[in-house]
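I have placed the structure first, in the form of C-alpha cells, so that the comments after it can refer back to it.
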Amino acid sequence: MPNATYIALIPLLPLAGFIMLGIFGRKYFKNTSGIIGTTLLLVSTGLALYTAYGYFFEYGKVDGVYQKLVPLKYTWLEFSQGVSIDMGIIIDPISVMMLVVVTFVSLMVHIYSLGYMKGEERFPTYYAFLGLFTFSMLGLVVSSNIFQIYIFWELVGVSSFLLIGYYYDKPSAVAACKKAFIVTRFADVGFLIGILMLSFYSGTLDFNTLIATLTSPESNGYKTAAAASFMGVSALTWGLVLVFIGGAGKSAMFPLHIWLPDAMEGPTPVSALIHAATMVVAGVFLVARLFPVFAISSPGALSIVGYVGAVSAMIAAVIACTQTDIKRVLAYSTMSQIGYMMFALGVSKYGGEEGLGYTASMFHLFTHAMFKALLFLGAGAVIHFIHSNEMKDMGGLRKYLPITHITFLIACLAIAGVPPFAGFFSKEEILLAAYQHNPTIYWIALITSGLTAFYMFRLYFSIFWNKDASPSPQGEGRGEVHHGEGGFAMMMPLVLLALGAAAAGFIPFGHFVSSDGKALESEFHLQFSILPVALGLAGIFTAMLLYKKQNDKPDKIAASLSGLYKAAYHKFYIDEVYLFITQKIIFNLIGRPAAWFDKNVVDGLVNLTGNTTLKISEGIKRIQSGKVQQYAIYFLAGVIGLALLFIYVWK
Amino acid sequence: MLTIMKSELLVTAIIFLLLFVKLGKGMKNESMLLLIQVLLLLNFIAGFFFNTEGILFDGMYQSTSMIVLQKNILNLGVYLISLLFSSWFKRSEHMPEFFMLMLSALLGMFFLISSGNLLMFFLALELSTIPVAAMANFDLDKKRSSEAAMKMILTSAFSSGILLFGISLIYGATGTISFSELPQHLDGTPLQVLAFVFLFAAFAFKLSIVPFHLWTADVYEGAPMATTSFLSVISKGAVAFIFISTLYKVFQPMQGTWYNMVMILSIATMIIGNLFALRQQNIKRFLAFSSIAQVGFILVGISSGAKEGLSSVVYFILIYIFSNLAAFGVATAIESQTGKENIDDCKGLYQTNPFLSWVLALALFSLAGIPPTAGFFGKLFLLTAGASTGSYFFITIAALNMIISLYYYLRVIRAVFMDKNEQPVEKIKIDLSAKLGLTICAAGIVLVGLLSWIYDYIQ
Amino acid sequence: MNLLLLILTPLLTAVAVLLMRNATQVRWVSFIGAAVQLVLAFALFFAFRNERMAGNTAEMLFQIQYNWFPAWHISFHLGVDGISIAMILLTAFVVIAGVLVSWNVEKMTKEFYFLLILLSLGAYGFFISLDLFILFFFLEIAVIPKYLLIGIWGSGKKEYSANKLALMLMGGSALVLVGLLGIYFNAPEKTFDLLTLSKSYIPAEVQQICFPLLFVGFGVFTALFPFHTWVPDGHSSAPTAGSMFLAGISMKLGGYGCLRVATYILHDAAKDYSTIIIVLSVIAILYGAFATMMQKDLKYINAYSSVSHCGFVLLGIGMMTKTSMTGAVMQMVSHGLMTALFFAVIGMIYERTHTRQVNEMGGLLKRMPFIGTVLFIVGLCSLGLPGLSGFVAEMTVFMGSWERPDTFSRVATILSCLSLVVTAVYILRAITKTAMGPLKEQFATLTDARWNEKLAAIILVVGIIAIGTAPFWLNDLINPATEIIKQHLMIPTPID
Amino acid sequence: MIEPGLYHLLFISAALFFIGVYGFFTRRNLVTMLMSVELILNSVNLNFIAFNKYLWPNKLDGVFFTIFIIAIAAAEAAVAIAIIINLYRSHHSIDVENAEEMKF
Amino acid sequence: MSGSTVIFYLLAALTLVSGLLAVTTRMIFRAAIYLLFSLIGIAGLYFWMQYEFIAAVQIVVYVGGIVVLIIFSIFLTQQAGDELPKQKMGRQLFSALAAFCGLALVMLQLYKHDFIKTSSPAIEPTVANIGNQMLGVDKSGYALPFEVVSILLLAALIGCIVIALKSKPETK
C-alpha cells in the first residue's frame, strides 16, 4: 500500500516553501530562496517518482486493473450528512502520471529560473509563488473530492494570476493577469454550478462515490438526474457540461481561450510551467477524472468536449501561423495541442479498445508537457539573450545558442509529430482514436497537425535561421553586454527535457493509463501514420521554403490572403467581441445603471423622505402664527371637531 | 389628617416662611437662595416619611401611596429647579416672590393630584396655572416675557372657560361633581361625550396636546428659563398624573371613546411636535416642541388604560424631569453667561465646555430614548404599555416618530460635538449648586433606567 | 465561564479610558482591554467546546438569569451557543484590530476610544442576550457611538452620512421594537425570553405581521436591499476604525438578529416569507456587485461589496436549510474579518497617499510591500479564494441553497453564483489599480505599515486564514446551533 | 311665549358663552378680550345655577361652583390686568396683534 | 303669561343683547358698560331663580370689582374715546361661523339629552346654608376649596404686585 505520508509530502513540501519564502523570504532568504525552493521540489520530485514506481510496479495493479487508492482522506468541511469537502489523496494512473509530470516540469523550471531570474528584486517572492503553484497543482491532481479539486483549481488560478502579474509595474502584465483570472473565474462559476448539480444528484462530493453513483443506472441519483431535464437536456448532461466549462476555461478552449496569449506577459519559465505544461491541462485532467460519467452517462456532453477541442485546435493553429511574438505562437500552439487532448477524450469511449482516445489524450498530455516546456524554456533562453519577444528581432541565432538550438529543434520535431520523437506517438494514437470514432474531427485534426508543423518550423526558422546573425537585438534594451546562453542552471533543464521529448514516446503508455485501468495494447499501424507524417513534413518544408532565408514571400502570401490573414492575425477579433460585451454591455448596460439606480433612486428615495419631512415641517409652520386668537380658534375647532367625530362618526 | 396632607402643609409652611422672610427684608439673595434650596431638599426628603393614605373632606381630597410618590417626584423637580437656575435666581430682584408663586403652583398641583371632585380639580388647576402665568412675566424688562405671560393667561383663561362649560354640562347630566360618584352616572350619551371633549380639551391644553398646544412654544420661548422648565416639567407631570387617574377612574365607563381620542391625538401630537421641532433654532422653543412630542409618547402609555399605563407614565415623568431639566440647566448656563440661546450658538461647545456638553448629550439622548439612558426604558415601557391594547399601527407610528425626533436631537448633538466654530462660547463658569443640579440630573438619567428597583418601587 | 465578564470588561475599559490622563495611557488601556476581551472570547470558545464534548447538549450554555424589570417580565438573561461564540470571536478580533489601527488618532483620543469600546460593548451584549429586551437594549447602544464616530472623526460628507446612518438604523430598530412588542403580547405567556418564546406557539397571523417587521428591522442593519443606502455613505465617511466596526461588527448584529430572533422565533412566517427574502438577497448580491463595479473610491468599493456580501448572509438565512444557515453565520464571521481588514488597509493607504480614488494610485506595492500584500490577501478573500475565509462561507451558502430542490431556489443560487465573477472584476480592478502598475511619482517616499498597523493586520489575517484553511472548527461550532434552528423550522404549524 | 324653564336658561348661557368666544376671537384689544373671557365664565355660572335649581336642588354643588368661579375669575382678571399693564409698558399698546413677536 | 315670564325674557334680552354689544362695539368704554349691563342681567336672572346670595355676589364681585378693574385698566392703557381697531372681515366671519356652529352643536346635544331630575328634597340656597357649608369640614363642607382659593388669591396678589408695580418702566 502507498504510504500516505510520503505522498502527502509531495504537495506539502512546496507549500512549506511558499510559506517560508513568502513570510521570511524577503528578509532572510534574499539570495538563497532559489536554492531552498529547488531543493524542496527536488525532494518532492523524488517522492513523486518513488510513488509512481511503487504504484505502477508494486501495489497499484490488482487482477490486471490499476486501482483507485485513497490513502488519505479527512473531512475538511461537512455540509450535511455524507456531503462534505474532504481533503484527501487519490492515487490512480492519471494522478500518479500527473504527479510525475508536475513535479518534474516544475523542478526543471525551478532550476531554470535560478539562472533566468537571477538578480530579480523579488526573487524570493517568485520562488514563493512557484511553490504555491506547485502545491496547488499537485493538490489538484491528487484530489479525491470534487470540491477539493475546485479548491485547488482556484488556487492554481490565483498562483497563475500572481505569476503573470509578477512584473506588476508593467501595465500589460497587470492587464493580462487580471484577464486571466477573470476569464477563468467566469468559467469556474460554471464548474461550481456543475459541482452543485452533480453533488445534489449523487449525494456526495467524493469522486469515487460520485462516479459510482452516476454511472450505475440503478442508483437513485442517476435516475433522478437523468429524469430531471431542463430545456430538453438532462440535468446530468447540464452538470457535466457546466463542469466542462470550468475545464475549458482553465484549458483555454475556444471561446474562453483569450486569456492564454496575454498570459505570456509573465516570466517565461512561468509560462513554461503553468501555461504550457501543467495548469492549462487541468481541464483535460478534470474531464479525464470524470471520464466514466461523461462516457457512460452522458455521451452528449462528451461529444461537446470533442467538438470544442477540435475547433479550438484548429482555430489556434490558424492564429499561430500569423503571430509574430514567439511566446504567443507557443501559446496558441499550446491551445491547439490541448484541443487535441480534449477531442481525444471527446471521441473516446469507456473501457477496453474503445478507450483508446482516453489513453491517447493522457499520453499526449504527458509528452506535450515535455516538449512544450522545452519550447518555452528554449524561447526563454532566446528572449533572455535577445531581450525581445518579436520574431523580427531574431534570426540566425543558431551560432550563438547552440544548445538551445538543438533542443528547440528536437521539441519542434516532437510537436510536429515526426517520428520517432515523443509527439509522433501520442499524436498518432489521438488521430487513430478520432479516425475510429469521428471522421469530422479526424479531418480537422489532420489539417491542424499539418498546420502545427508549419507554424512551429516557421518559428524555428525565424529564430535560428532567416536573417544573418546579429548578436545585438533590434528591439529595446540594446547596448547591454550579452552573456551567452545562460549558465548551467538554464541549460540543464533544456537538455533533460529534450531527452524526455525525444524518448518519452517509447513508453508503453497504454499499459499504465487507460480508461478503465486495464492495460491497453496500442497497435502501431504504419499505413495509418503515413498521411499525418507526410502532412507534417509538408508543413515543415513549406516553412523552410518561406522562412529559412530572409525573403518577401511570406508577406506576399499574407497579402494575397489578406482577409483571412488579417482575421487570423487579429485572433479572429474574439478579444474585441469580449471587450464589446464587457465594456458596452456589462459595464454600460448593467453596471452603470445599477450604480445610477442606487445613487438616484434608492438613495434618492431615502433623501426624498427626509426632504419631504423637512418640507412639510416648513409648510405647516404658519399654524404657529404667534396670534393668540388664532390659537383659540384652533382650540375651539379642535373641540368641535373632536366632539363631532366622537358623537357622530366614531361612537 | 396632618400626615395625610403632609405634602401640602409643608409647602404651605414654606410659602409663609418665605413671605415672612421677605417681609423682614433681612436677607441677601444668595443666602435666601441657599435657605430655599435647603428647605426644598428637606421637603423632598420629608416626602418619604410619615406617609398615610386617606380621604379627607368628604372625598374632596385623597391620598394614596402612588399620589405621594407623584408629589415627591414633583418635589424633586422643584428642588432641581432651585439648584439649576441659581445664577438667574441670584440676579433676580424678586426671587422670593418667584419661589412663593412657584410653590403656590406646586401646591396647586398637589391638590390637583389629590383632588377628589371636579371643584377641587378646577380650583387646583387654576392655582397651578395663574401663578405660573405671573412667573412667566418675571423677566420684567423683556418684551417677550410679557408677551409670553399674556399669551399664557389669555389662553389658559379661555381653556378654563371651556373646561368649566364642560364641567357644568357634566354636572347637569349627572348631578354630581365627585370623582367617586361620577363613574356610576356616566354612560356615554352624546351630551356626556360633548362634555367630556370640553374637559379633555382643557387637559389637552395643559399637556400641550395637538391642536391645543399652540401656546406652548411661544410661552416657553418668552418666559424665563426657570418658569419654562417648571411649566414643561412639573406642571406637565402633575397634569399627566391627574389626567391618567381621571381617565382611568372617573371616565372608566367611556374608555372606548377616550381611548380613540387619546390615540388620534397622540399620533397628531407626536407628528406635529416633531415636525415643528425639526426647524427650531431657539433652544427653548426647540425643547418646547420636543416636549410636545414627548407628550405624544406619554399619551401612548396612557392609552393602555391599565396599571402598566399608570406606572410607565409615572416612571417616564420621573425620567423626563431629569432629562428635560438637565437640558434646560445646560441651556440656562449658556444663556445666563452669554445671552445666547440658539442652537447654532452651541457650535463647538464641546471644545470649551466638555462637562456641559456631556450633560446635554445625555439629556438629549435620554429624551430621544437612546440606551443606556433612562429615556430608553421610559419610552420603551410607554410603548409596551400602549401595545398592550394591540393597536400596532399606533405603536408603529410612535416608533417611527422616534426617528424624526432623533434627527433633531442629533442636530443639537452635531452642533455641540461636530461642528467647527471659530468662536465657540467661552468657558462657562457654573456655580456649585448648578453643578450639583446637573450632576444629579445626569446621575438620574443614567441610573433610573438601569436600576430596575426604581420602577418596581413606582409600581 | 461567567458571561457577565464579557460585558464587564468593555464596561470597565470604557470607564478606565475616561479616567486616563493622556492619549498614550488611553491607547494602552484600550489595547489591554481589547486583549483581555480576546482572551476571554477564546476562553469562552474552549470552555464551550469542553462542555459540548463532555456531552452537555443544552441549547444555550453558561446561562445567567437575573430578574430585571419583573413587571414587564424582563430578565437579564445571558447564554451562548455556537453562533454567539462565533460572533463574539469575530467581535473580539475586530475590536483589537480597530484599537490598534486607531493608534495615531490624535483628535480627542479619549473620546474616540471610549466610543469604540462602547460600541463593542453593545455588540458583545447583543450576541449573548437571551432576552429580547436586553437584546434590543444592546442593539440600540451600538447605534449612537457610530453616529458620533462618523460625525466627529469622519471625513467627506460626514454629517450627512452620520445622520443617514443613525436615522436608518434607528428606523430599523423601531421596526424591530414593534415586532418584539407584537411577540411579547401574543405569546402564550408574556415574556421576552428567547428560549421560552422559541418553544411557545405564536399565532400565525401575528407571525405574519411581526416577521417582516423584525426581518426588515434587522435587515436594515445588515444592508437588506433596498434599505442599504446608509452603508456606502456611512462606511466611506467613517474613520478607519469606525468603518471596521461598522462593517465588521455592526452589520452582523442585523444578520444575527434576522437569524436568531426573526427566523428562530417566528418560524412559521419565516417559511412563508422565504421567497421574498431570497429575491431581495439575490438582488442585493448582484446589484451590490454591479454597483461596486462602477465605484472609484476604495471605501465605496468595499462598502458596496459589503452590500453584496451581506446579501449572502441573507440568502443563507432565507434559504433556511441547515447548511445555508451555517453558511450565513460563517459568512458573517468571514465578512466581518475581511471587511474590517479591508477598511484597515484602506485607512492605512489613505493616511499615506491622502486619496482613496483608485485612479489616482498605482504601484503602491513597491513602496508598501506589507500593506500591498495584505490588500492582496483581503482582496482575494473577498473574491472567494480557497484557503481564505470568504470561500468557505460562500461555498457553504451555495451548498446549502442548492439543497432546496425547487427551480426558484436553483435560479436564485445560480444567479448569486454569478456574482463571483463580478466580484472578481471589481476586486481585481481595485487592487491592481492600487497596488500594481507603475509607481506614481508622488508616492515615491511613502513608508510601509507601522508596528501597530502590522499587528492589527496580522491578527485579522490570521483569523481569515484560520477559517479558510481549517473551517471545520467553525463549522462544528455553528452546526449544532443551526441544526436546532432548522429543527424549529421543521415544526409543522399547529392547526387551531 | 312659553313658560321659561331650564332650556331657556341653558340657551342663554350657551349663547352667552359663544358670544364670549366670538369676542375672544375677534377683539384685538387685550382688555376687551379679557371682557370676553368674563362673559364666558358668567355663562358657565348661569349654567351651574340653572342645573342646580332645576335638576339637582338636593345639594348646593352648583352654587358653590359658581361662587368659586367668581373668586377665580377675580383673581384671574387681576393677574391678567397686571400682565396687560406690564405689556403695555413694554409694547406701548395693548393690541394683541402687536404682541406676536414669537411665532413659527 | 305671567309677570315672571316677562321679567325673564326682559332679563334674557338684556343679558344677550348687551353681551353681544360688548363684544362688537368699537368704543372700548362702551364695551365695558355693555359688559356691565350684561353682568347685571345675569345677576337679575339669579334673582329670578331666587338665588339671591349668588346675585349679590355677582353684583359685588363683578360689577363692583372686576368691571371697575377693567375700566381702570382701560383708563391706564388707552384713550377711552378711541375707536377700537377693526378685526379683519374674514376673521370676523369665520369666528362667527365657528361660534354659531359651536352653539348649534351644544344646543342640539342639550335638547336631545333627557335630563333626569333628583327626587331628593331640595336645600334652600339661603345665606345661612351657604355659609355653613362654606366653612364646614365634614360632609359637603367646602372649607378646603375655600383655603385653596385663599392661597390662590394670595398668589395672585403677589404676582400682581411684582408685575404691575414695577419700579421703572423700561423704554426698549
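For reference, chains read A, B, C, D and E in written order, and residue numbers begin at 1 within each chain.
One rule holds for everything that comes next: a residue touches a chain if its C-beta (ideal position, glycine included) is under 8 Å from a C-beta of that chain, and two chains touch if they have at least 3 such contacts.
All of these numbers come straight from a predicted model, not from anything done at the bench.
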{"item": "For chain B and chain C, chains touching each", "value": "A"}
{"item": "Chain whose mean Cα position lies farthest from chain B", "value": "A"}
{"item": "Chain located farthest away, centre of chain E as origin (C-alpha)", "value": "A"}
{"item": "Central subunit by CA centre of mass proxy", "value": "C"}
{"item": "Of A-D and A-C, whichever chain pair has more C-beta contact pairs", "value": "A-C"}
{"item": "Separation of chain A from chain E, taking each centre as the mean of its C-alpha atoms, in whole Å", "value": "102"}
{"item": "Cα-centroid distance, chain C relative to chain E, in whole angstrom", "value": "70"}
{"item": "Chain centre separation in whole Å, for chain D relative to chain B (CA means)", "value": "27"}
{"item": "Chain centre separation in whole Å, for chain D relative to chain C (CA means)", "value": "65"}
{"item": "Multi-partner residues of chain B (each touching 2 or more other chains)", "value": "119, 123, 126, 130, 133-134, 137, 140-141, 143, 149-151, 154, 158, 169, 172, 175, 190, 194, 217-218, 407"}
{"item": "Where chain D touches two or more other chains at once, by residue number", "value": "10, 17, 20-21, 24-26, 28, 33-34, 50, 55-56, 59, 64, 68, 72, 75-76, 79, 82-84, 86, 89-90, 96, 100-103"}
{"item": "Residues of chain C touching at least two other chains", "value": "167"}
{"item": "Chain-to-chain touches, reported pairwise for every pair that qualifies", "value": "A-B, A-C, A-D, A-E, B-C, B-D, B-E, D-E"}
{"item": "List of chain A residues in touch with chain D within their complex", "value": "621-622, 624-629, 632-633, 636"}
{"item": "Touching residues (chain side chain C, partner chain B) in the complex", "value": "67-72, 74, 133, 136-138, 140-141, 143-144, 147-148, 151-152, 158-159, 162-163, 166-167, 170-171, 174-175, 177-178, 181-182, 184-185, 209, 213"}
{"item": "Chain B residues within the chain E interface of the complex", "value": "12, 15, 56-58, 60-61, 94, 97, 100-101, 104-105, 107-108, 111, 119-120, 123-124, 126-127, 130-131, 133-135, 137-138, 140-141, 143, 149, 169, 172-173, 175, 189-191, 194"}
{"item": "Sites on chain D touched by chain E in the complex", "value": "1, 3-4, 6-12, 14-23, 25-29, 31-32, 34-36, 38-39, 42, 45-46, 49-50, 52-60, 63-64, 66-68, 70-79, 81-86, 88-90, 94-95"}
{"item": "Complex contact set, residues of chain E against chain D", "value": "1-2, 4-5, 8-9, 12, 15-16, 19-20, 22-24, 28, 31-32, 35, 38-39, 42, 45-46, 49-51, 53-54, 57-58, 61-62, 65-66, 69-70, 72-74, 76-78, 84-85, 87, 91-92, 94-96, 98-100, 102-103, 106-107, 110-111, 115-118, 120-123, 125, 129-130, 133-134, 140, 142, 145, 149, 152-153, 156-157, 159-160, 163-164, 166, 169-170, 172"}
